[in-house]
Every structure is written in C-alpha cells, then in structure tokens.
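Note that chain A is present in both complexes that follow, paired respectively with chain B and with chain C.
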Partner chain A sequence: MNVGLLIDLLLGLILVGLAVQVVLGRQLFRSIVFYVAFGLAMALVWARLGAVDLALADAALGAGLTGALMLAAFRRLIKLDPAQAVTSGSAHTALALLIAVLAAGMVATIGLTAMALESQPGAAGVAVFEALPATGLGNPVTGVLLAWRGFDTLVEMVVLLTAFLGARVVADEGWAPRSTVASFDLPLLRTLVAAIVPLASLIALYLLWIGSDQPGGAFQAGSVLAAAGVLLLLTGQLLPAPTSSAWLRLGLVLGVAGIGLLVLLPMLSGRPPLAWLGRGALLLAESMMMVSIGCTLTLMFAGAPGLKDGTR
Partner chain B sequence: MNPAVYVLVAAAIFGIGLHGLLVARHVMRKLLALNLMLSALFLLLIVVPASIDGRPDPVPQALVLTGIVIAVSTTAFALALMVRLFRRQGHASIHPDLDPTLIGQRRATKRKEGDR
Partner chain C sequence: MVDLIALLLLLSGCFFIFAGTVGMLRLPDVFCRLHAMTKADNLGLLLICMALAVMDGRLRTTLLLLLIWLLALLASTVSAHLIARHARGQSQ
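And now, the complex of A and B:
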C-alpha cells in the first residue's frame, strides 16, 4: 500500500468519522463544533485534491463562518429559553436507515459510473485552459467565475444580498440592545485585536490581488474580511445597531453593482471589459465584491440591520 | 490521489447526512445534516471529472465555489427562520407529533373516517 492511498484513506476516515459525530452527537453544541471540524477536514481534502481555491473558501466560509452563524443562532435560542433550546429528540427508525443506505449506494454508483466515462474532447475545462492565456489571467477558476460564467457570479451576489435581506425580514424580534458580547476587560485582548484586524485586512487584500494568478479571489478575501468583522463583534469593538449607515448600505450593494457592471458592460460596448479595460476592471469588480461579502456576512453574524462603533 | 476512495467517502457522508436529516427533530440538526449532504455532493463534483494535464478541472471548481457561498447564504437565512419558529412555537423542532396544527388535522381526518 503506497503512502498516497494511505493519506486518502486517512482523510476519508476522518471526514466520515466527523460526519457521524455531527449527526449522532447527543448535544447540539457538540454537533456544531464537530461540524466546524468537519469543514476544516474538508479544506484539507480540497488541498489534497489540488483545489486550493476551494480549500481557502471552505476553511473560511464553510467551516468558519457557517460555524459562527450556527453558534450565534444557538446562543439566541438559549437566551430565549435555555430548556427548550437543547432538547432535540430524534426518531431513529429502520426505514430512515434503509433510505440512507440506499441513497449512499446511489451516490456511489453515480460517482463510480461517471468516473468511468471518457472525457469528451470539447469539454469546458479543456476550453478554459486553451482560452486562459488570451485573458492574461493565471488562475483558471477566477477566469471561469469572472470572464466566462460572470452571470453565475452576478446571481450569486444577488442570492447573498437576498438571503441577508430575507433574514432581516424574517427576524421579528425587532431590535433590542442585546449584549452579543461579554464585556471583556482583558488588557491583552485589545492589543491582540489591534494586531489581528489590520493583518486580516492585509491578508484579504493579498488574496484579492493574487487571485488573478494564484488561488484566491473575491470570495476568499471577503470571507477573511468578514472573519475580522466577527472578531470585532465578539470583542465588542463593533456593536449591532438598529439602523445602518449609508456607507454600510452602499457596502452591501457594491458587490452586485461591481459584478453587474462587469458582465453587463459588454452588452453595451460589444467587447468584453477584460479586453477593453484589462485586469483593472476585474480587480475593481472583485474589490467591490470583497467589500460586499465582508459587510453582508458580518451583518448576518451580528443579526442586526447595522453596526456601530463599540469603543466609544 | 485515489478518486474512487473519495467517491465512496462522498457517498458515505451523503448517506449519513440524509439519515441525520430524516431522524432529527431540531431544525438546526436538520441544517447541519443538509450541509453535510451538500459537502458530499461538492466532493463528488470535484473528484469525478478527470484532471486536465495533471491540473484539476476549473469549471466544477468554480461551480462548487459558487455553491459554497450560496450554502452559507441559505444557511444564514434558514437560521433566521429557525429563530422565528422558536419564538413562535417555543421550541425549534419539526415533527408531526410536536406540531399542534398537524395533530388537529390528523384527529379531524380520523373522526371523518370514523363517521363513515
């Protein structure tokens, strides 16, 4: 047995083991924590499969922010009614087990059958690698997201915005000055935050800049920004506010505007902006998306319409 | 890298997730299970296409990247719905035995059957 197969088997076992823990864990809190661990293991698997863009995105978004959002929602339930928040019976039946096993068999059959198929000569992936040098981009995933499948990315940004607006509409709690954070008065904490937040911003800008040629891009950068926002909220440097400032609203819609311009301008000018404005256009659209993603995810975590400075 | 291993892993995670979705009553557990199923499908989408000259196919990667962002957005929305549900019915579980409106309907249909 070679080392590669051993690593694959080990990673697979870790993933399956963590998934079992998520589903079967007695306490909900434990399940959420195991889900975060599952997301991180998933990021390792992406890296192993050579999909580094996905590894970055899954570590930041799939594991980090989903976990943070779930824990925040769990905390909200506990505050409402501690007894009811954690009760979660489950109805284990033989039928559910049978359905699950059959579904797993179906997925395995589909996967193994699809793998046995020969790839077609005109496949989209091959075309991407052929056309990539003409765009001047080095990262094929960024090329697909922004140059060829820009409409997908536009709709994705719209979904993100819609999900945030929907969450605001659904939240009927009104706005109460919830103390989302304990007031930490640790001397080191402020220093630590003061060091980490600028560093996170720097990493976000780096991911954005490098995203044209290397793994990275607007989504990874935006989620790093959002992680900085979550940290600021957790430490009380930022606080949820009942109203949002004009700047924040601008930040929320900036991404849709940026990618919208990037994919709709060619319809007016007849030429793709990549050929017309060069990589500057991509970077501009991506930085607008990064700001939007950061703002939206931070506000989703805050569970509030706006933010205010908590240091004053 | 051995793709067949990951196909089987994806199938196992999908099954585990579906089982969790079916048996769980708490909405957040259902959401966790759904997210597991999503991860399994993402894994399948990446593993199945053959690599092109040793590089992974970028098209499914872009698809999955989009999928990850959409999954986070919909999860956030679903969590907001869950908090609303909790405020309204006092717990965050979905199950016929626990939903008073459904129980009422069931009794009504039983009574109708009894009348016949």
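And now, the complex of A and C:
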C-alpha cells in the first residue's frame, strides 16, 4: 500500500468522521465548529484531487465565511432564545440524520455511476481543454465560468444578491449586533487589523489577477475581501448601520451588472465574448464581481442594511 | 543529504505538533491548553516550513513559507490572547 493511498484513506476517514460529528452533534455550537473543520478538511481533499480552485473556494467560503455567518447566526439565536445554547436537539438530530443518510446515498450513487463511465471523446471537459488555447486563458475553470457558461455565473451572482435581499427581509431591522470584542483598544488587535487587512486586499487582487491563468478568480478574491470585512466588523473598525450608502448599493449590484454585460453584450455582435471584448473585459467583469461578493458577504455577516466607519 | 535534513526537520516538526495536541487534550484548564497549543504548534509549523523550504531549495518558496509562518504566528498569538482574556473574564 503506497503512501498516497494511505493519505487519501486518512482524509476520507477524517471527512466522514467530521460529517458524522456535524450531524449527530448534541449541541448546535459543537456542530458549527465541526462544520468549519469539515470545510477545512474538504479543502485539503480538493487540493489532493488537484482541484485547487475548489480548494481555495472551500477554505475561504465553505470553512471561513460560512463558519463566521453560522457563528453570527448562533449568537443571534441564543440572544433570542438562550435555551438553544444548551439544548440537546435530539428531534433535530433525527431529522438531520435522515437527511444526511439520503444525501450520502445520493452522493454515493452519483460517484459510483461516474466511476463506471468511460471518458467520451466529445465530453464537455475534453472540449474545454481543446478550446482553451484559443481563448488565451490558462485556467480552464475561469474559461468555463466566464466564456462558455457565463449565464450560469450570471445566475449565481443573481442568487447571491437575492440571498442577501432575502436575509435583509428576514433579519430584524432594529437589531444591531454588538461587536464581540469588548474593547477595541487592545494593541494586539490593532496590529492584527493593520497587518491583515492590507494583506488580504493584496491577496484578493492577486487571486483576481492570477485567476485567468492559474487557480483563483472573482469568487475566491471576493471571499478574501469579505474575510477582511468580517475582521473589521469584529474589531469595531466597521459598524453595522441602519441605512446603506449609495456606494454600498452600487457595490452590491456591480457584480450582476458586470457579468450581465459580459454575457449579454456579445449577443448583440453574435461573437463569443473573448473574441470580441478580449481579456480586459473579463478582468473588469471579474473585478466587479469581486467587489459585489465582498460587499454582500460582509453585509450578511453584519446582519444590517449598511455599514459605517467605526473609527470616528 | 538534503533529504535527510528535510526528514529530520519534518519529524521534529511533527513531534512538536503532536506534543501540542497531546497538551491540548490532556492539560487541565484553558490557560495551560493555550500555552501548549500555541507554543508547540508555532515551533512545529516553523520546522515543517523549514523542511519544505529545504526540499524545494528556491528562494521564492522559502520567502513564501516564511510569510505563511509569520501570518500563522500573528493569527495564533492574537487568538490565544483573546481566548485567554475571555477565559479570565469568565473566571472572575
């Protein structure tokens, strides 16, 4: 038995073990923590499978931001109903177990079916790699997301915007979350923010820029930006505000506008977007999406319609 | 020779991370656990980063690994500090 197979088996066991802990967790908080760990393990698995784009997205979105959102929701939940913090939730667990078993069965069926299939010469994945050199892009994932399946990406951005609007409707508007850190004047915290926020912005821009040729892109870059936003919110540099500024609203819809133009404009000329608009247009659309993703996720974490500067 | 150095660094890194994990599982209270976890893990991560840098041998990789270690150091320092403050606030 070689070492690679051992690592794969170990990762698989860790993944299933963590998933069982998430589903059967007696306390909600434990389940959330295990879910974050599950996201990180999942990122390792994607990296091991060579899907670095997915690994980045899963580490930033699946583990980082989803975890932060769930913790924020948990904090809100125990504020509304303190009994939830210690509740055993066995009724929920029974339902979760049923859903988990069904989902696992579905994944196993799909996986076994996919493994039984032979690679077809005309399959979409093969076609992508054949057509990729003509686009000038080096990253097939970016090619699929923006050049060939742009409509899917447009719908994804609309889903993100709709999810935010839905969360706004559900959220109690009068409820303003307090920052978790009681005192913002800790020297260490200021150092952390001063070091991490510029670095996160740099990493986001790098991921955006490199996304055409290597793993990266608007979704990964946007989630890194949102992580910086969450840090600013947690340390009180940004505060939730009852109203949103015009700039913020612009930021929220920028992504839909960017990818929408990229997808719809070429229909006027009848030529594929890359042949007509070039790589600059892709980068512009991706930048707009990055800003939107960052704004949306930060606002979701804030649980408020807008943001204001907390330093003044 | 290079492989031997890398192997030694990797093994010692794994030892420190293992020790930190044992400390987190076995020690009695939050403060002891934080102490074991952050100290041992930072050293373990440094040793593993050094092993990877030795194996790769390029300056760019070495600097990137150093940056990763510094970021992990910063994150673990601040989070350990915040957890310790919170724990002290709860115990008083």
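Rule of thumb we're sticking to: the second predicted complex is superposed on the first by the 278 of 312 C-alpha atoms of A that agree within 3 Å, B and C clash if a C-alpha of one lies under 4 Å from a C-alpha of the other, contacts with A are read in each partner's own complex, and residues count from 1 in each chain.
As a convention for this text, contacts are C-beta pairs under 8 Å (C-beta built on N, C-alpha and C of every residue); 3 or more make two chains touch, one makes a residue touch a chain.
Just so we're clear, the structure is a prediction, and the values are computed from it rather than from any experiment.
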**Prompt:** Does the chain A-based superposition show chain B and chain C clashing or fitting?
**Reply:** fit
**Message:** Tell me the contact category for A:114 with respect to chain B and chain C: first, second, both or neither.
**Reply:** first
**Complete:** Larger residue footprint on chain A, choosing between chain B and chain C, goes to B
**Prompt:** Of the partners chain B and chain C, which touch A:144 in the superposed model: first, second, both, neither?
**Reply:** first
**Request:** In the overlay, answer first, second, both or neither for which of chain B and chain C A:126 touches.
**Result:** first
**Request:** Once the structures are superposed on A, label A:101 by its partner contacts, choosing first (chain B), second (chain C), both or neither.
**Result:** first
**Message:** If we overlay the two complexes on their shared chain A, which of chain B and chain C does A:164 touch? Say first, second, both or neither.
**Reply:** first
**Request:** Would you check which partner chain A:61 touches, where first means chain B only, second means chain C only, and both and neither mean what they say?
**Result:** first
**Message:** For A:189, using the defined touch cut-off, is the partner it touches chain B, chain C, both, or neither? Pick first, second, both or neither.
**Reply:** second
**Asked** Upon superposition of the two complexes, what minimum C-alpha distance (Å) separates chain B from chain C?
**Response** 22
**Overlap of chain C and chain B interfaces on chain A (superposed complexes)** = none
**Fill in**
Given the complex, residues on chain B that touch chain A span 1-20, 22-26, 28-29, 31-33, 35-36, 39-40, 42-44, 46-53, 55-66, 68-77, 79-84, 86-87, 90-93, 95
**Fill in**
Counting only contacts in the complex, chain C reaches chain A at residues 71, 74-75, 77-78, 81-82, 85, 89
**Message:** So in the complex, the part of chain A that touches chain C is made up of which residues?
**Reply:** 181-182, 186, 188-189, 191-192, 195-196, 199
**chain A residues within the chain B interface of the complex** = 4-5, 8-9, 11-12, 15-16, 19-20, 22-24, 28, 31-32, 35, 38-39, 42, 45-46, 48-51, 53-54, 57-58, 61-62, 65-66, 69-70, 72-74, 76-77, 80-81, 84-85, 87-93, 96-97, 99-101, 103-105, 107-108, 110-112, 114-115, 119, 123-126, 128-129, 140-141, 143-145, 149, 152-153, 156, 159-160, 162-164, 166-168, 170-173, 219, 293, 297, 300, 303
